[in-house]
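So that you can tell them apart, the chains are marked A, B, C and D in the order they are listed, and the count of residues begins at 1 in each.
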Amino acid sequence: MGLKLSAAEVAEFLTEVFPQVKDDFTIEELEEMRATVRLNVGERHLRPGGTVSGPAIFALADVAIYITILGMIGREALTVTTNCSIDFMRKPAANTDLVAACRLLKLGRSLAVGEVLVFSDGMDQPVARASLTYAIPPAKATRA
Amino acid sequence: MGLKLSAAEVAEFLTEVFPQVKDDFTIEELEEMRATVRLNVGERHLRPGGTVSGPAIFALADVAIYITILGMIGREALTVTTNCSIDFMRKPAANTDLVAACRLLKLGRSLAVGEVLVFSDGMDQPVARASLTYAIPPAKATRA
Amino acid sequence: MGLKLSAAEVAEFLTEVFPQVKDDFTIEELEEMRATVRLNVGERHLRPGGTVSGPAIFALADVAIYITILGMIGREALTVTTNCSIDFMRKPAANTDLVAACRLLKLGRSLAVGEVLVFSDGMDQPVARASLTYAIPPAKATRA
Amino acid sequence: MGLKLSAAEVAEFLTEVFPQVKDDFTIEELEEMRATVRLNVGERHLRPGGTVSGPAIFALADVAIYITILGMIGREALTVTTNCSIDFMRKPAANTDLVAACRLLKLGRSLAVGEVLVFSDGMDQPVARASLTYAIPPAKATRA
C-alpha cells in the first residue's frame, strides 16, 4: 500500500485546514508509514533561555503523526488525536529547530498509532519521545 | 503541609519566568495539592471552527500542574515536566475558555504526579484528561 | 442512562469469559459510570517483601475499567483495551489487598476512557493511578 | 559506556530477586542500551482462545526495560517503574511466545526512559508498543 498524497500535497492540505500553523512546520520527508517533519523555531515557540517550549514539542509530535496518516489515507481533516503519551528527556538546544522522525505502527479501520522521536536539529540524542493515537472517521482507513 | 505561595504569588512568579504566556492563564483557585486554572482563549489558541487546539489544551494541563506544584514547593523554575499522558475525549465548545481542575496525587522528594480534567467553561463533560509527572530539583520537594 | 448489568451479573460474565482470573477480583460496588474492585491478593501477585507486583496492579486497573464498561453496555467480551497509561507512585503495603476506584470519563460509540486510583486496602494515599482506553465493537456503545 | 552485566549475569540476578517469574522470561540478546526478551508463554499467560493476556504483555515490556537497565547499571534491585504507557495494537497469535525488542532512550542520574515493541514470535507487525520510565536510586545511574 503506497502513499495517497505526496509531501507537497499534504503541505497544501495543511495550509488549507490549519492556516494558523502553516509556517511552523516543514515536511522534510514523507514515505509509506513514515515522515520527518521540522519545527521552524520562532520566538513564539521559545521559553526564557531560548529553549523550545513543551507545548511546541507536543505540537510537532502531533502534526508529524497527522502528516504521516494523511499521506496514507488522503485528505481527511476529521482525523483527530485521541491520546498522546510524551516523555520529555533532554533540554532542547537553544534557538535550534526541532526535527521529528515518526512512523506509524498501526493504521487500522478506525485507529492509527504512531511513535515519534524529536531531536534538536543536528543532535543524536532525542529531546522527547511520543506515541499518539488518532481516530479515523469511518470508511477512510485502509489497513489492519 | 500548607501552601508556600498564594495564587497571586504564583502568578507573579509565572510572569517573571514565562513572560510569553502570562496573559494566557488565570489562576482561579489554589489550594493545598489542588488548583483551578483558566485558559483565556484567544485567536492564537484556535483551529478553524473556533475549536481550541490540542497544543493549547496540553499547555493548559501542563501549566495547571506546574502552578499546583509551585504553590506547594515555592519559587522553583527548574521543576520540569518529564511525562504527560493526555486523552482528548470531546471537541471543545467554540470560542469558549477552557478550565482545568487539577490535583497532585504525589509530591515526593524528586517526582510529583498530578492529574487534570479540562472542561469548556460551563460544561460538565470533560474535553480532556491528563496526567503529568514533574521532576523536582534536589532539596526542594517536601512530602512523600 | 442506567446500568445494564448488576455487579453480580458482571461477575458471572467475567467467570464465563475469563475463568483464569475469576477468584482474583471482587466487585465491591458497581454504579453508573463507576466501580470499586478489589484484588484478592495471593502469593502469585507478590514480589519478595510481600509487595504486589506491577503487572498485578495493571491487571486490577484494567479489569476495573472493563467491569465498569460492562455494567454500562452489557455482555460484550470483545471490548478490548487499546491504551493504558499508569503511574506507580508508592510501594503497596505488604500482603494487603488492593482496591481500585474507577470511573468512566467517556463512553462513546467506539471508545471508552476511564481512570482509576489504586489503594492498598485501608490507606488513603494511592499506590497507582491509571487511565485506559477501550475500543467497543460497533453497535454496542451508547453514550457520546 | 559498555555493559556492566552480561545477559547471563542479569538472568542470575533476576532469579535471585524475582524467583516467581524466573521461568517466564528468556534474555535473547543484551547489548549496550538494548535487549531482546522472550515471554515463554504458558497456560497462566493466556486468555480463552489462546491469546496472551494484557497483564502478561505489560509484564514482558516492564521486565525487558528492567533487564536493559540492569545491564547498564549493574545489580540494583531497587530500580522501580514509575510510569508506563502501553498501546495494544493487534491480537497476539494464539499459543505463541512473545518477543520484546527494547532500547533505552535515556539513562540519566535518576530516571531512565525506554521503549519496547512486542511481537508474536515470527510476526513482523507488533502486538503492542510501550514506553516506560524507571526511577534509579541515587549514585547508581551513569549517563545523562
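Throughout what follows, a residue touches a chain if its C-beta (ideal position, glycine included) is under 8 Å from a C-beta of that chain, and two chains touch if they have at least 3 such contacts.
Note that the structure is predicted; figures quoted are calculated from it, not measured.
With centres computed as the average of Cα coordinates, no chain lies farther from chain B than D. If you average the CA atoms of chain A and of chain B, the two centres end up 24 Å from each other. Chain centres here are Cα means. That of chain B falls 28 Å from that of chain C. The mean-CA centres of chain B and chain D are about 33 angstrom from one another, to the nearest whole unit. Across the assembly, chain C contributes 82-83, 85, 87, 89, 133 as residues in contact with two or more other chains.
Judged by the touch criterion defined above, the protein chains are all mutually in contact, each touching every other. Chain A meets chain D in the complex at residues 85, 87, 89-90, 105-106, 108, 113, 115, 117, 125-126, 129, 131, 133, 144. Residues 82-83, 85, 110-111, 133, 135 of chain A are the ones that touch chain C when the two sit in their complex.
The touching residues of chain D, when paired with chain C in their complex, are 17-20, 44, 46-48, 53-56, 58-59, 62, 80-89.
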